[in-house]
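We call the chains A, B, C and D, going by the order they appear; numbering starts again at 1 in every chain.
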Amino acid sequence: MKRYLLPAALFLLATLSPAMAANVKIGLMAPLTGAYASEGEDMEKLVRLLVEEKNKAGGINGAAVELVVEDDGSTPRDAGNAANRLTAKGVPVVIGTYGSAITEASQEIYAEAGIVQIATGSTSIRLTAKGFARFFRTCPRDDEQGRVAAETIARLGYKKIAILHDNSVYAKGLAEESRDRILKDGIAEIIFYDALQPNERDYSAILTKLKGINPEAILFTGYYTEAGLLLRQMAEMKWFAPMIGGDATNNVGLVEIAGPAAKGYRFISPALPEDIDTPQAKAFLAAYKAKYRSMPSSIWPVLAGDAFNVLAAAIEARGTDPEAIAAYLHRDLKDFDGLSGKISFDEKGDRVGDLYRLYEVDARGKFVLVP
Amino acid sequence: MQEFLQQLTNGLAVGGIYALIALGYTMVYGVLKLINFAHGELFALGAYLGFTLLVTLGLSDFMGGVGVVFLLLIFAMGLVAIAGYFLERVAYRPLRQSNRLAAVVSALGASIFFQNAMMLVYGTKALVYPGGILPSVVVSVLGVEIPLIRILIFASSVLLMCLLFWFIHHTRTGAAVRAVSLDQGAARLMGINVNRIISLIFLIGPALGAAAGVMVGLLYGQIRYDMGVGYGLKAFTAAILGGIGNIPGAMAGGILLGVIEALGAAYISIAWKDAIAFFTLILILIFRPTGLLGERVADKV
Amino acid sequence: MSLLSPPLRWLAFFACLAATPPLLRLFGVDGGGAVQIGALNDIGIYLILALSLNIILGYAGLFHMGHTAFFAVGAYASAILNTSHGWPILQTMPVAGLLAAFFALLVAGPIIRLRGDYLLVVTIGVVEIVRIVLLNNVFDLTGGANGISGISRAEIFGLRLTTPADLFYLIWAFAGLTVILCSLLENSRFGRALKYIKQDEVAAAGCGINISLYKIQAFVLGAFWAGMAGTLLAVKMRLVDPESFTFSQSVMLFAIVILGGSGSIAGVVLGSFLLIGLQEIFRDFSQARMLAFGAAMVIMMVFRPQGLIPARRRRYDLRGLTGVFPRALGRRGGAEGT
Amino acid sequence: MSLLALRNLFKTFSGLVAVAGISLEVEEKAIVGLIGPNGAGKTTVFNLITGNSRPDSGEIIFDRRPITGLPTHSIVRLGIARTFQNIRLFQEMSVLENVLSGCHCRMRAGLFSSLFRPPSQRREERAAVERAMRELAFAGLDERHADPAGSLSYGNQRLLEIARALASDPRFLILDEPAGGMNDQETADLMGLIAAIQARGVTVLLIEHDMNLVMKICDKVIVLEYGAVIAEGTPAQVKGNPQVIDAYLGSDG
């Protein structure tokens, strides 16, 4: 008989505890495993810190915030399961996720459950073209980034360029946007347009091919790992063509991989954490560095933090009814002082305001804002 | 013509690494008729151990150049050989008598286990080998510029292969290995301790994989816990291409696969690189059902 | 064990399954058990796929580790027909199966003569090529890395299937049908022919079995079923993309058949529940989830190399056939050794 | 009238001449023995007849129809069945299912009828099981029908192979060293069985090293050496033939 006492007691405790404190559940769907695991880890660390600070300051309208985290595994299939789990746990709002295809796999599930979803790194245009009333994103869209890329190439005066993507949802979208904008405005001649295979290592064949074509500049719209490898292997081959990247190459990992070859590499990206001049951003990032002894490796975790901030503001104003929260975000939230600058959403849920800046990697491997 | 030669050398460097890993598959298959699906992960483990030796133990501070590479290879190969030994003892020896597919599934389980163990220990972020271990000098041969590091790596791959070929074909233990691969029962009757030979195979095979791992780390810098899957699949394809179980076959298959990929990327399309490699494999196997150098398997009636 | 004859045992099994969704809701499991039902739906689709692979790998003994290629062909066929030609999704199922079967015919023809491990690597090559074809958006059909989304809801007799519980009954009805057809197949001339080929090809040819024809038929039938399972995936996910059809999924199906019991329907069912279920159960280990899963695979294989429920020899109904025929030789009863 | 005729058959295996211009005939309902020292090409001739390997040149005529180059499964359907020198049974399947495999070419149920099971398919199955049990009884193995083939004794496995071959209702049965590994009692039983097979109207061609068996049971004996026929005739004629003795005992000259 004694043997059954302990499990029985535990069971009772488990069923009783949630009933007591009616706290505010906020869902976080992030890639804790799989290809984008490094972005996911920083996302969770940053949002948890924000939750701790919010709870220390008395929570939202007196109720403690409970962060419910689910791993989307960087794949559409796992994202579907993660979304089902979050909806089952009855979260009114969800922050996430980073990859475009992965967010897309969860949109339908959250829309059906009427949950407000704020994507943090999915820049594919399609996500806000399907009319989901409660879908928002704190990251900009590919077409805006395409426009900025085209303008940058025009400003730097390159006439013959090569465009390289990696066939992923994000990279291909950005490559197409940039190409269409460059051709429409007659900015330059595109002498190479193809995709490399992601998570490879040897890109010597592609670089040799590009060397033969000898473009004035290469626009690479893929992720930072491949960008780093391309730069490193170009240096190895003692052949250099100026390279410009999209916002997914904004990660310190690029400098680690490329080493000295990263010098002179330019990329387009929303403002970096260090360059955010808002006071609350500086304070928060100092707290982040104190707790985790390192800065977030890119802007994406910061945009996840902003998603939390706008949701907290909406819940404080309208309570936890998703319908009211969505309405608040659409109409009442204007120029909200977020970590990544002013935040407001248009009717489709996209973020308003130009966010993109041009960055360059300096000799010491630091990302420097190009005026 | 210039670009063709350049692409050829690109292919050779990649092919050297595929060949080195393929040797691990071929040796294990030759003796046990088992596809060691966990071999790709042992390759990745070699890369990670190389990183640990270089960075955490600070090997790179006080020694430079070829001395470091030699030490790295020895340590990484030694440690991964031990991992290979335990892999065989735990996951394969109990299944030696049962049907072959049971061992294949056990290998798949071991591969998933190793991969995730590395993820937990080393984290999900890609780690990068410190630069500057080997001088980044470009040597121009016949007008083709080849980075020195690629030549070094190709040369050491070929060296290790020749060493292995000499060991298998010109030493007593090598003869024992060949005997066991032909017929375990007969070999046992001849007084060969089959278990010891198989353990030896699981020391050498994984060690070669580890060597390739260190080389990939030095050449490309960036290593991830799941890189074993891609390289493992390619090397396994190369081993089959050359005729599984046949050491020169693994060398030929690996180098051929590297060249096919490079030329396919250069002259057909970079997005279809892997598809071209696999398509070529299927074509070759249709006309040579046991690989390029594999023996004709006539079924004795 | 023989309390219930096999058909009754299966009936009981499916009855319990059918009762699960209402029971989950009854016990007030949070979210009406949507997560548990979602997991069961996953297991159901994998079971259908594993049973179709069992025809090729389990019965015919062909080393096939590229079954996801046929699954992908079916899923994409359904997605394309649904999104750009407006077909109701469930109507696309037969076409998805036929296209996958045709693709199998195309692929199996030249490679059927290959032996064991060479066939294995070719099938792996096929699944990698299919994934790259899907990724590179060939003929602008497959939608590249985005895949194809916006697949419409399934409808049966005017009833729209929206909740996971609706999908549950659709998927498990199909799984039940698959179990029935596989057992009919297993105990028929066709099934026996495949088993003879698996044991000894030369002897099978010596009994008048057209080896290549039967191997290709096994491949085509397995692919047809996997293609239809592709439609179910399209119905469940409402989005198909290249990353859902990877080599590691083929590996999982291969492991389910071998671990569960090659050539045994009950074994494959248990294998599906175990291998897919374990991944869900270990979920609360989060990052260590797959570590435990890999170790579990090795341990299970080491302790049950013949599979958890190995295939049993079929017992024939010999009423009125024993002891009635003339003997040319005396009775050879005992197993006297020579 | 000869049921089977080989005309000038040639077969080389990468240089080694296994069959050098063999011509022979097997009369219907006869028992013909094919003997000769090891390596004389006996099993190769069998493999050529059953389509397991293809002749370089020459013709194989069965029941006045050329069957050279046909695939094995078509040859079996025409009525030629065989056993193998080293036993090739389906070890893990039941004795009954082993014999059922012989019935395979006499049945028609394809994939669809296997699934939807029309009455014709059910009748066909029952008839096949009945035939298999009949052949098992004929070979005396009917009580072992449920045991796995691998559990039978060596001699019984030989008999099971014969039962399996008979299940395909052949007109021509090829036995490849049926008495190999059998003791005297089993060999005697085998003779009885072969006689019974002949009584059923089946023509038998057998390779055998047990001269006692060959001389007692064969109507005609053909002697092969180095891939060529060196003698042919009744057992008595062949026994006295000096060339045959040389071939076997080696000439001392």
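Simple rule for what comes next: a contact is a pair of C-beta atoms (placed from the backbone, for glycine too) under 8 Å apart; a residue touches a chain by one contact, two chains touch by 3 or more.
The structure displayed is predicted, hence computed values, not measured ones.
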item: Contact-richer chain pair (by C-beta pairs counted) among A-B and C-D; value: C-D
item: Chain nearest the overall C-alpha centroid of the shown protein atoms; value: C
item: Interchain centroid distance [CA atoms averaged], subunit A/subunit D, Å; value: 74
item: Whole-Å gap between the CA centroids of subunit B and subunit D; value: 49
item: Where subunit A and subunit B are represented by their mean Cα positions, the distance between them in whole Å; value: 37
item: Centre-to-centre distance between subunit D and subunit C (centres being mean Cα positions), rounded to whole Å; value: 40
item: Multi-partner residues of subunit A (at least 2 other chains); value: 32-33, 167, 195
item: Touching two or more other chains - residue numbers and ranges from subunit D; value: 52, 84
item: Interface hub residues of subunit B, defined as touching at least two other chains; value: 119, 271, 274, 301
item: Residues of subunit C defined as touching subunit A within the complex; value: 30-35, 38-39, 42, 135-137, 144-147, 149-150, 162, 164, 236-239, 241, 243-244, 286-287, 290
item: Interface residues, subunit C side, partner subunit D - complex; value: 181, 184-185, 188-193, 195-196, 199-200, 202-211, 217, 221, 313-318, 321-333, 335-338
item: Residue numbers on subunit B that touch subunit C, as the complex places them; value: 29, 33, 35, 37, 90-91, 94-95, 98-99, 101-106, 108-117, 119-120, 229, 233, 236-237, 240, 244, 271-272, 274-275, 278-279, 281-282, 285-286, 289-291, 297, 299, 301
item: Complex contacts: residues of subunit D adjacent to subunit C; value: 50, 52, 71-73, 76-77, 81-82, 84, 88-94, 96-97, 100-102, 104-105, 107, 109-111, 114-115, 117, 121, 124-125, 128-130, 133-134, 137-148, 151-156, 159, 164, 168, 181-183, 186, 189, 192-193, 196-197
item: Subunit A residues within the subunit C interface of the complex; value: 32-33, 71, 75-77, 80-81, 84-85, 87-90, 100-101, 104-105, 108, 112, 124, 126, 130, 167-169, 171-172, 195
